[in-house]
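Common to both upcoming complexes is subunit A, partnered first by subunit B, then by subunit C.
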Partner chain A sequence: MKRSNTFLLTMLGFGFAFFYVPILSMIVYSFNASRLATVWGGFSTKWYGTLLSNAQVGKALTLSLEIAVISSTTATILGTMAGIALARFTTFRGRTLFSGLVTAPLIMPEVITGISSLIFFILLGQYLGWPAARGFTTVTLAHITFSMVFVTTIVQSRMLSADRAIEEAAMDLGAKPWQVLRDVTLPVISPAILSGWLLAFTISMDDVVITNFTTGPGTTTLPILIWSKVKLGVTPDINALATLIVLTVGLCVLAAGVGMNRAERRAERDRRLAYRANQ
Partner chain B sequence: MIARWFHRKGWSDLVIGLPYVWLLIFFLIPFLIVVGMSFATRTSTAPPFGFGGENPLVNLAGYARLFSDTLYIRAFVTSLVNAAGAMVLCLLIGYPMALGLTRVDRGWRNILLMLVILPFWTSFLLRVYAWMGLMGSNSWFNKLLTAGWNILVPQAWAVANVPLMHSNFAVVLVMVYTYLPFMILPLYANLERLDPTLDEAAMDLGSRPFAVFRDVTLPQSIPGIIAGGMLVFIPAAGELVIPTLVGDSSAPMIGRVISDEFSSARDWPMASAVAVALLILMVGPMMIYARFDARAQARERQA
Partner chain C sequence: MTEPLVRIEGVSKSFGSFQAVKNVSLQIEKGEIFSLLGGSGCGKTTLLRMLAGFEAPTQGRIFIDGVDMAAVPPWERPVHMMFQSYALFPHMTVEKNIGYGLKHDAMSNAGRQARVREMLELVQLTPFATRKPHQISGGQRQRVALARALARQPKLLLLDEPLAALDKKLREHTQFELMSIQERTGVTFIVVTHDQEEAMTLSDRIAVMDQGVVRQVGRPGAVYEFPNSKFVANFLGSINAFDAKVTAIGEQISVDVPALGQTVIARAVAGVSVGQSLTMALRPEKITIHRAPVEGANVLAGGVKDLAYFGKDSLYRVALPSGALVSVHAVNAARASDDERLADWDDKVWLSFDPASVLLLTD
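Coming up: the complex of A and B.
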């Protein structure tokens, strides 16, 4: 038993080194004074200066945030509706097609989603005159479509594990179905809605492939800007940008994780206290 | 009037109808257009396709080229081999990690799990980029590998640096790096639920630790292996970003071929035919995944 544990712990250590050495190396090299991105030439923070004085980066970041906020909010509303529909309405016309439509975007290769959206928007523009050009609107529409199904998955599984008795109690007390939804169901699934929003936001902020197909000249999101630079090779200012992004996201996720861990422990303690008080 | 309609039936129609119509317009119709496009004929008009000429409605030339032009067959083979390689390596690295996670105590476990998920929340593109920095011929990592290689092999095989970048190996390595969490998480969820008393019973009956693993743990974790495997294989087979950045451009993967046919060659019907063929190839793995996922969820609901 002991020997097998040593092996497993060694593999864990190796795995975490594999996860984090590339990222740490990138962070270290963002402080490289040399213009050659992979040869160490002394410590310097000059690439951060270069980065901060680059107006393109700021513009791309603002654009990405705008698209991510609009698309993830819309995707959360639509995705939550779809999750509620699939979890609560077991029979309606076209349910099989609907559940297929909700699963398919999850496993569809991004290239295909990207190309089909692009062809769709081009043909729409050609025959209906809208959208006249590709850019902010088309990117946002595409982001909503492929991120809403992630929200649906999260909301649906939360709905299925939620206690239906509370909803039935509200119904027995005379609440109309719509009031039950507003006053009981939505508050119960609100944590799932929040994590759905966060996931949709992250997916939108991170997307390269679908954005690359649906965007037009002048609409350069942050990932598209990085993509166009990275295709040419490793540069020190991208190392600096990557470091800032990784550290920002990492700290946010860590803070959220620590917060959730603490809330979970508090809930556990409360439950134990309540149990003891009832004895 | 409207309020009454809303309270009686309208709200449920809205909850079903809005997302339904959205997905029909922005997902199903574009997808059907691609399927239809794959039977069209390439023209020099804008948009560059049409129906007419020798094959007015159904032109199977694109599908015929899939089998006659070796470019496509090679691209499909490269994609499937790379995705399968990434899946197997993810399993070999991810399985011991997932099993190891079930053996550390609770407090540490949550921290380590978070460290597994953390890279997933940071930018995908930047994780690929991090490896570009490591694999370049002047990087410390490449120098380390080169030194190791030159010590281990006979003098005649010595190299100035290991050619990592722009190879299929680089593609598989980076795929393993970016998709490993998809393997670890379902495996961990599966392994964590196993009953430890079964292990103890096997041990009491005289099994050695490896035999316990082979006869007790491994068979019970097959649903987790399949779920994780498909979660790695499906996106890896259609991957575009990784092969574009670190792959060998003379042996492209299928995602790259679709994108090039579409953008550079402006052959929409051919790009669509390749896309449809990729989806048909993916149907098998997707159905396996859906089956096991449905079964796992049913079990969870019972518990």
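Coming up: the complex of A and C.
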């Protein structure tokens, strides 16, 4: 008993270490005074200063955020529509093909998606003259294309588990189909839509491969910037940047945890209310 | 003749090759509580859904208030439905749920609020107006669903197993509540149920369904006492049924019942002929049990094989010499201790019944 406990704890320790030691060392080295990434030269925060005064990083971050917001929002709108359609119209012609087409990109290697997007944009440029060059627009379009399927999948599974009867009830009470969508369907699946948006946003924020294929000169997103800098050797300001990203992600996870905890407590209170209403 | 509120004419519904509803014709009058009674999967919900407009009949027509409903979408029908699962909007409060239908009516805000308050009072949920559906109990949810369906003053209210999710005590209480609400509002109810007692208690008329077909329509008493088939007799209450053959027709009808080893006399009915094979059926409560031999026709002798004591009544299973078992339901009218009971295990008893109680079923 005792023995297996120790064993399990050791395993757990290794597991965590495996994941977090690299991150920790990166954080520690972001406070390195030395210019050499691998030699400790004393504590310093100067790289954060360098980072903040680096216009290139600021520009890349803004660009990434812009692309992520636009692409995830568009992908959410398109993906939600596709998800609802797939869940509701179960018998339209070509449904199997359509749902296959929707889920295929989930398992398609990113390189393939990237190359095909690139070729598509080049062809479009040749025959239509648009897009003239690759850059912001093409990256955003590519991001929409491949993050949409994630939204679709999430929304579709939420729709399938939702009670069909509440939509019928609304219709029965005089709501036309678009009113049913606005008043009932969308509010009920809104948590799924939100998580779809968050997923699309994150995917867009940290995508390197597809962006690499579809971007052009002057359009450097944050992941691309980091990637190209690291190719020239890891510098401490990259460590600082990565540390800030880790910090942001950590705060988000913490906030989500607190939010979930609160929702859990609210649900508990509701259960007690319902129970007391029974008395 | 005045036009009935609902006229269903030869309606059938197929899902692929499966026929869920077969050639149903019904007329439902204004102000009635009409029950659709039948076993699981017999097409009750499908019929309701066609009335509400969620399914289109494969064949036949439905008229509500004289208007052909074929081209009328669900949101324009003067019909509201109370769903089996209640289908309350989870993200809206009780009062928003109840008021939802009113949003689609041309109505002042104040009028709307007054109507919601009125409905809350009707179902006694005023203190819970601002709760969400998951914050109230099952019985209260059922009442919200009812109030929501009634708020727009439909001509017809469809209730799909309205009481199925409630426990026994609450169900009995709610039955009477439903009836009194129906009386006060005057709305016509069509209630789907598979609980025969519920159907008998609630309804003005009952339609018994079996595998998509309506087997019999009538007042509860008529359907119970004069079932037109073995299926209906068995579905409403219980019966002792035996194969029989008509031997003579006069003032009364004589049938030979091999399982009982004797001839049984029944009241004359139309549509039988000598030599015809049919089912002779007797309801257990129509049989009297005696401790001493009795004279006359329709007397059977046997021994008590089983006895179930329910308090207000008892069920006896009497074995006849031929081996047939007859169930007898007797009210325990007199107070008796265990050893002075009407009859006990292995006691010899005599059973008698009136010719008028004998059911001759040809179907």
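Here are a few things to note about the model shown:
Here is the rule we use: the second predicted complex is superposed on the first by the 266 of 279 C-alpha atoms of A that agree within 3 Å, B and C clash if a C-alpha of one lies under 4 Å from a C-alpha of the other, contacts with A are read in each partner's own complex, and residues count from 1 in each chain.
Operating definition for what follows: a residue touches a chain if its C-beta (ideal position, glycine included) is under 8 Å from a C-beta of that chain, and two chains touch if they have at least 3 such contacts.
A quick note: this is a predicted structure, and the numbers were derived from the prediction, not measured.
Once chain A of one complex is fitted onto chain A of the other, the partner contacts of A:D163 are limited to subunit C, with no touch recorded for subunit B. Once the two complexes are laid over each other on the shared chain, residue contacts for A:I238 go to subunit B alone; subunit C is not touched.
Judged by the touch definition given at the top, the superposed model places A:V184 against subunit C, while subunit B stays out of reach. By the document's definition of touching, both partners, subunit B and subunit C, reach A:K176. Using the contact criterion defined above for the overlaid structures, shared-chain residue A:G42 touches neither subunit B nor subunit C, since it reaches no partner.
Touch criterion not met for A:P217: it reaches neither subunit B nor subunit C. When the two complexes are overlaid on their common chain A, residue A:L273 makes contact with subunit C while staying clear of subunit B. Residues 176 of subunit A contact both subunit B in one complex and subunit C in the other.
For subunit B in complex with subunit A, the touching residues are 6-7, 11-12, 14-16, 18-20, 22-24, 26-31, 33-34, 37, 47, 93-94, 96-97, 99-101, 103-104, 110, 112, 114-119, 121-134, 136, 138-141, 177, 180, 184, 203, 209-210, 213, 234-235, 237-238, 240-241, 244-245, 255, 258-259, 262, 268, 271-272, 275, 278-279, 282, 286, 289-290, 297, 301.
Residue ranges of subunit A in contact with subunit C, taken from their complex: 163, 165-166, 168-176, 179, 183-184, 187-188, 270, 273-275, 277-278.
Across the complex, subunit B is touched by residues 1, 3-5, 7-9, 11-12, 14-16, 18-23, 25-26, 29, 36-40, 78-79, 81-82, 84-85, 89, 92, 94, 98, 101-105, 107-112, 115-120, 122-123, 126, 141-142, 144-145, 148-149, 152, 157, 160-161, 176-178, 181, 202, 205-206, 208-209, 223, 226-227, 230-231, 233-234, 238-239, 242, 245-246, 249-250, 253-254, 257, 261 of subunit A.
For subunit C in complex with subunit A, the residues that touch the partner chain are 52-54, 73-76, 79-81, 83-85, 87-91, 100-101, 103-105, 128, 131-132, 134-140, 148-149, 152.
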